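Pasting the structures here.
Look for subunit A in each of the two complexes below; its partner is subunit B in the first and subunit C in the second.
This part shows the complex of A and B:
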């Protein structure tokens, strides 16, 4: 019985591992192929099935005029929008979360939980519902196709996540900490900045990671609200797909774009093992 | 504590969020009552005409909605089962525990559309590895151009992409469980299966509900995967509500009609998610 269980367990883990890794391996080998080895039947193993070359990787940094795809600028745009929106969301979200965790609010029938729910429920909003008014709104104030416009939109996407994680985190930070600080003569802002925040760094990191993940992987808003002036990475890569199909540069650019977030996976796992994520979904 | 400080903490975030959102939401409602399209852009007032058209004369919207329900419920169930199994497996000590944990998290860190581009080449009918391997067995499914199979391709890609999120939430839950019930079960000599049914699963019920609801919310927005993988095709066989609204609104520029659809869609989403949350709570917490 027990042996069967262990066998099944490892069998399942191996099957899933293969499934997870397969597209990455496929992309990795494809990125070294040339026209012949993509279009003349399926090839798998470099040097045996096909002769690898670096063409797919070289075109990434060439300018479009020279037949390259130039993903450097979109890369930095994506990085900038993601980081800026995450930072603003984390700052505003953390402040609100702290208020919701420590003080009681009451306005008619609206209480703390309702305000928290209001923040989090913004995730329910399908992007398409917001995209049409945002499209018309941003074009009326000339922010269509600009980084600022995108950052504003991304704050709506990311702040709910920040509030969601931080409220739970602050609930776990003992209240005595702030009370001691207040008795020692800090005003509430000093207590928050000097005592509560330093004790909340794991929560801030987790919230930050989630904001970065969900900012980095968004495609929809970037796709609708930008055209030529500002291009984000996912939009650029998907545009590659719809033209002729240079699978090698497509694969190379895909790998480059997913690479930085793999580091995030390591950080998330570390905080997961320490138990810092546990409160978040209860 | 002083009365005023709390507002300084709460209001910046709250007002920024409301400030960004209030205009679009009011505007969607107003727009849905207008006949804004590419010939006649402007906020005229045509009453409920768009809604009447939507409810009486647009089976395509409802089909796309039921397709979306099918896709999101199926993917979330699969993700829950697989995610729970994986989380349970790497919860206790196994070899290379941390390696597997990181590996199982990786897909959710990758951009869905970009990985979908890779999946498109992966499932390519003549040049992709899947059909190449399957051709040894004499089958060559049309992954992207068969109306039925294309749905399963979307499901496979969604499961690959988002099972890690379910895995993350459930593993975080498992790691936070108290130790005592498991000790008691061990003393009673419970088998692994009984332990799972009578101890682990009931303890995980509240976390399961949370995780399922969160994933359903996200899954109900399936759109970019579909856009890249099949563009809603073949025909309309993988078209989801968001994608249909996108076509009407930002391709055909029937803004007014698209707004009425998106408002209806939002209301249906809120109602159905609330019902699902209630039902799940009832079923899972009763046991």
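This part shows the complex of A and C:
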């Protein structure tokens, strides 16, 4: 029984690992192939199965004039827009979430839960519904095809995630902690900054992760709200497609675009298990 | 220095948490708020701390309107029944927190924190994380944090209730010595509890609270000897005082076919609906006594609590030894009837063995 359990455990772990890692390995090997190697059937091992070359990677940094696609600028645009929008969303979202968790709001039949739901309802709507209003809105304030315009739109998309996660998190932080901080001489802002926030780091990290992921992978709004001046990475990657699909440079760009998320996940993972509130109330 | 409240009421929904509560507290005294759960004890303490604003009424501290002062400027300290500490800080930082808020210089902070640690017996634990401490130690940290401030008002909200028996006894002793060590000279100490024994041991001025209303105020001894109503008698005794519906006729107390001679202080009462109150400790086993049936026998510590029944009358007897009884056993008991109280039909005290007649 026990042996069977161990066998099954490792069996599933291995299957799952293969399932998760295989696409990356596949993309990695493909990115070093050229047209012939890609079309020569299934090959896995460089130098034995096929002759690796860096053409797929070089295309990504070559200027279009030299036959490349140059994803460097869109890459940094994406990084900037995602980070800025995530940061602002986390700051605003955390503040709203704290207010929603601690204070009672009432306007007619609208109460705290309704406000929280209002935030998340922005995410329930299909993006296509929002595209035209966003387009008109940005064009009316002259922010179409600009980084600032994208950041504004992304804040609208990301802040609900931050609010949703942080309201839940703050509800789990005992109110008595805030009260104790008040009694110990903090005004409400200090109580929030010195006591509640340091104890909410795991929540902030989770919210930040989600904001970064959703911001980073967005294609739809980046596609609709920008034209020539500004391009984001997902749009640029799609633009790689031509009459012949360049699998090698597509694979390389896929790896490059996933890299930041993987790095963030590795950095963040150790903090997730760290902070806990067990010492607040036993 | 005194803290005076007039007609505090707080009714967040359709039930009163505080109902016309008034009191006058003076520095150097210990006040115990005794009441069952949900009687409004925590609400009252939070109102004093400033965490809640009453719907009506006023609180004055040294003659000044206290309700206008925000919590963080009130100079109060509070210990909660759940051990509230800051989980992201270690023991030292936790205790130093209120001092740092006051921008006291570091050497003074060190000195005060060490003093506080000493008084709660946690020297050597400075660097520990809060999560690494036991419940009792956590509660001591929060106690130390409230002591270190030299607050003018120290609020203790059932500080022992979440601790195990041993620790409770130990900390209660420590509280008593802390309170008597001169800490109390400049402080108004307010201690809330559900436990009548704790109230008696702390021996301060007692405020009996029930459903947000003050039922009786007086020294612990007075509350114990002359509870002014049935409610107070129930709240201030653990197990609650036995209430027996009886008749007094011709100098005899009669109920369930039992007939005992009425003691002097009860003999003149001759009204209908009279209720006799008798503490569980004022009933003893006696071969020649009245027969009752055991409904439940529980052993708690070194005493046995017997839940007995005869006809429609149910009583609880506590006996200072460990005895084994089975359910439905018949046992014989005697009432120390000279220790009995009498209450009017409306619940007011009619007569007490300690001689004072309240209305």
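Please note the rule applied: the second predicted complex is superposed on the first by the 231 of 282 C-alpha atoms of A that agree within 3 Å, B and C clash if a C-alpha of one lies under 4 Å from a C-alpha of the other, contacts with A are read in each partner's own complex, and residues count from 1 in each chain.
In this text, a contact is a pair of C-beta atoms (placed from the backbone, for glycine too) under 8 Å apart; a residue touches a chain by one contact, two chains touch by 3 or more.
Since the structure is predicted, the reported quantities are computational estimates derived from the model, not experimental observations.
Asks: Considering only the touch criterion stated at the top, classify A:234 as touching first (subunit B), second (subunit C), both, or neither.
Replies: first
Asks: If you stack the two complexes on chain A, which partner ends up touching A:27: first (subunit B), second (subunit C), both, or neither?
Replies: first
Asks: With both structures superposed, pick whichever of subunit B and subunit C touches the larger number of subunit A residues.
Replies: Between subunit B and subunit C, B touches the greater number of residues in subunit A.
Asks: In the superposed arrangement, which partner chain does A:182 touch: subunit B (first), subunit C (second), both, or neither?
Replies: Both: A:182 reaches subunit B and subunit C.
Asks: Look at A:2 in the shared chain and tell me whether it touches subunit B only, subunit C only, both, or neither; answer first, second, both or neither.
Replies: In the superposition, A:2 touches subunit B alone.
Asks: For A:47, decide between first (touching subunit B), second (touching subunit C), both and neither.
Replies: In the superposition, A:47 contacts neither subunit B nor subunit C.
Asks: For A:109 in the superposed arrangement: first (subunit B), second (subunit C), both or neither?
Replies: Neither: A:109 stays clear of subunit B and subunit C.
Asks: Do any residues of subunit A touch both subunit B and subunit C, and if so, which are they?
Replies: 182, 187, 275, 277-282
Asks: Give every residue of subunit A touching subunit C within the complex, in rising order.
Replies: Subunit A reaches subunit C through residues 174, 176-177, 179-187, 190, 195, 198-199, 275-282.
Asks: Subunit B touches which residues of subunit A in the complex?
Replies: 1-2, 5, 9, 12-13, 16-17, 19-23, 26-27, 30, 38-39, 41-42, 44, 92-93, 95-96, 98-100, 102-103, 105, 115, 119, 122-137, 152-153, 155-156, 159, 163, 182, 187-189, 192, 213, 216-217, 219-220, 223-224, 233-234, 237-238, 240-241, 245, 247, 250-251, 254, 257-258, 261-262, 264-266, 268-269, 272-273, 275, 277-282
Asks: Can you tell me which positions in subunit C touch subunit A when the two form their complex?
Replies: Residue positions touching the partner: 46, 49-51, 70-74, 76-78, 80, 82-88, 97-98, 101-102, 129-131, 133, 135, 138, 142, 145, 149, 162.
Asks: Help me check something: in the complex, which residues belonging to subunit B touch subunit A?
Replies: Interface residues on subunit B, with respect to subunit A: 1-2, 5-10, 12-14, 16-17, 20-21, 23-25, 27-28, 31, 82, 85-86, 89-90, 94, 98, 100-115, 117-122, 127-129, 132, 160, 168-169, 171-173, 175-176, 191-192, 206-207, 210-211, 214, 217-218, 220-221, 223-224, 228, 241-242, 245-246, 249-250, 255, 258-259, 262-263, 265-266, 269-270, 273.
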